[in-house]
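Note that chain A is present in both complexes that follow, paired respectively with chain B and with chain C.
On to the complex of A and B.
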């Protein structure tokens, strides 16, 4: 414990002229279960793909388990990844997938995955294309866990599941984490999905400015300012207005304040909660789109 | 990785094996039958040269409907086999992984993308060599009868369906199918582009515009007359046959280009039969029109590739397609390794 499993610095990904992820600075301690929260389109999938080496960064850098993400066996063998679409080979059955895992990984726990799928009553001989969505997600999770990874990256694993399957999936995950030695990062657009199992939160939101940070600094850097309408423009350097609400006499501003910047005087300060902050970024994206 | 590639493609391997068995079951008995019939006809003609059919065996042997269908269909099937492998084997190989997202499953196991792609390529390309090689070998053996009868292995369909070039076409089509799959990431687009490239390259551009120039053709020049035909060796691939004037210009229509006295001779000696124009027979066998035109400096020129160059041509064409295959494989590596999942 105390070591860092993931550390990113100014990490960014650009597709053409569009930045899908920008200036992402997160750190994930080893052994934690982190929730990666943010609205759709904020860059959650992009970030996870960068971390597992499926795509390459356009800016900044990252260290995952102390290494730069790469297409190398030594790097890949320590990481389990589950993509949003839960891809599996539809015509192959679970037993084939287990064999695949055994052939494509150095340390693959065949006993573990067989026992696990048996406990979950998942038929090994049926093509996975004919399993239910929940069963497929369980097969995919079991495959990722059987790799015995040190880090598990899950992209919206419960989004497509019904409440019961969601519960089962998260229980399976909690159980795996309890066995120790595993760091988990999973994304969702709903914090409520992951609140129960996570002990660490990373927030992503994209507007004109992007937010990609751990929750503590996010909460620390954002303030809700209430003050007279006229003062809205004179906030000084180091203060970025994310969202502005105008009433007849006063403005309510959600601002991001850089470290070491003194708060402008004459404003009433409040602490926003994480949902208010995310909504502010989303509102900014919408306004940006209308211009 | 080897087990996994085998597991993913074993159905296709099995299906191609069955197809090959069916093809062999068709080819071996008919090939034997054709060859024996042909040999019998040759023996008959040696003993009895006066037999009417002996003057023109190609037009008298194997004229039944079934025989004609076989003679045409078998080489066409071998010609298209590489395209079919390219479309149904090469093109989906990577595009199916991309469209179903399974590439991100495969690429996050503990195998580098390079090893993953190498295993797939080795299996699929090796299987292509074996499958197309077997089909082409069977066809080459089977085609000895039509080859002997029609006397020209440079014939477009014969050349492309026999010897070693079908294997090279197979590698070319499959490798570009794989490349287009990685490039467009959509199965149908990759299939369509693969077929398009095959038709353009293998069926249009190379045979018409590239193959004739593999080696400098032999040029012969002779006076007008029936003997000219005998100056071109049998089984040669004749590229051009022209009438030229004394300045070496190619003459399309001889009559307006001929001098006045020759025009008169032409008019005197031609009979319009209604169906076409014929030259009156002369008792001596000499042709007064040819004599006049030869004196005026007209002559015939032909260029051809002799039959002994057949295997050189096969080797050169194989070299070209292997080079293109290598390009496609290199580009596919680049796309898989450098592009994001």
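On to the complex of A and C.
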């Protein structure tokens, strides 16, 4: 097992009397691409801001690359962060941004970013405000990668992009991961994209961590059970119902099964995909909140 | 060189899709012993998937004895999987194309053709 890039314990953020994030316990292994998912207002952006030191925790603590998050050069030099709104200076061009990156960072690979933007046919001399949304996102990603970060935090980077620009963005990202030494946490609503690029998942809902694990064991541990309605309560030990859908005579349950537990008989068993599992956890949190 | 494609709605894990595509390419002769597989970086650039998925697929193919990783130079095809030669497969494929043309002429749509193939496979297993 590798090292841990991010570890939080009881992390929370309160605005007035409202907890935007509460008792968040996550652990992200080094080298993974972690998908941070959850409904709007679940605390995803709050968590990312806490991890990069842009906001201070109201409770708990976190270790990011072994350090406490803070706005300090020693901490930030190994971290790339791309905020939701893709913060670039619209009237400046890519070449200006590169110059700035060189001045503001201890380590900045100018050759890498120039090659990268050339490969993508992005003009260095045009103001970034006049580039397409996809090109702007690529410039921002390339700037973040030119720092040669060990950890990259992305807040809904592909939300506003068309399918082709999204594919190109994810391709740039996976390329950087393939070169090694990079851990990525990326929030998004596009579960199908996350399924292909991620190997780790964090589900936040109602300000709490619902799930945080590598995708492969998650797939093994969850089953979709279909059976007669009456049986829904007699599942036995080691089987936790995450979400249930009831029809007149039939129950459909998404369950988590502990290793070595024998499944109760009389149920039709299916393998859910990660999208179904994530939706089940998000649904569970919603119902829990309404009760 | 082989290029991979990924179907995220097939229910088949991505790494297994790559394994299957390499096996198929070997069976029909698109890939031959000595050929180089694309590097992990090339694959992720093309299909935008997690690099570990490609590593896992290549490891699996190595365990099956179909490819070998050579340090520093890449992953190469070692041998074809057991089964008929590409020539035999091609001949069978041609036969099938003839039959499909006949079925379409008789007014069968794709679904009906698939159903017939499945029924025939089912009967042959008995």
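Observations
As a convention for this text, the second predicted complex is superposed on the first by the 204 of 291 C-alpha atoms of A that agree within 3 Å, B and C clash if a C-alpha of one lies under 4 Å from a C-alpha of the other, contacts with A are read in each partner's own complex, and residues count from 1 in each chain.
The definition used in the following text is that a residue touches a chain if its C-beta (ideal position, glycine included) is under 8 Å from a C-beta of that chain, and two chains touch if they have at least 3 such contacts.
As the structure is a prediction and not an experimental result, all values here were calculated from the model.
In the superposed pair of complexes, A:178 makes contact with chain C only, with no contact to chain B.
When both complexes are overlaid on chain A, the residue A:63 reaches neither chain B nor chain C. Of the two partner chains, chain B is the only one that A:49 touches; chain C does not reach it. Judged by the touch definition given at the top, the superposed model places A:73 against chain B, while chain C stays out of reach.
When both complexes are overlaid on chain A, the residue A:100 reaches chain B alone and has no touch with chain C. Within the superposed three-chain model, A:279 lies out of touch with both chain B and chain C [touch as defined at top]. Ranked by how many residues of chain A each touches, chain B and chain C are led by B.
Contacts of A:170 after superposition: chain C is touched, whereas chain B is not reached. Once both structures are placed on chain A, no chain A residue is touched by chain B and, in the other complex, by chain C.
Remark: chain A residues 49, 52, 54-56, 71-73, 76-77, 79-81, 83, 85, 87-90, 92, 96, 99-101, 103-106, 140, 147 touch chain B in the complex.
The touching residues of chain B, counted against chain A in their complex, run 1, 3-4, 7-8, 100-115, 337, 340-341.
On chain A, the positions that touch chain C within their shared complex are 33, 167, 170-171, 173-175, 177-179, 192, 195-199, 219, 271, 273. Chain C meets chain A in the complex at residues 6, 8-9, 11, 13-14, 40-41, 44-53.
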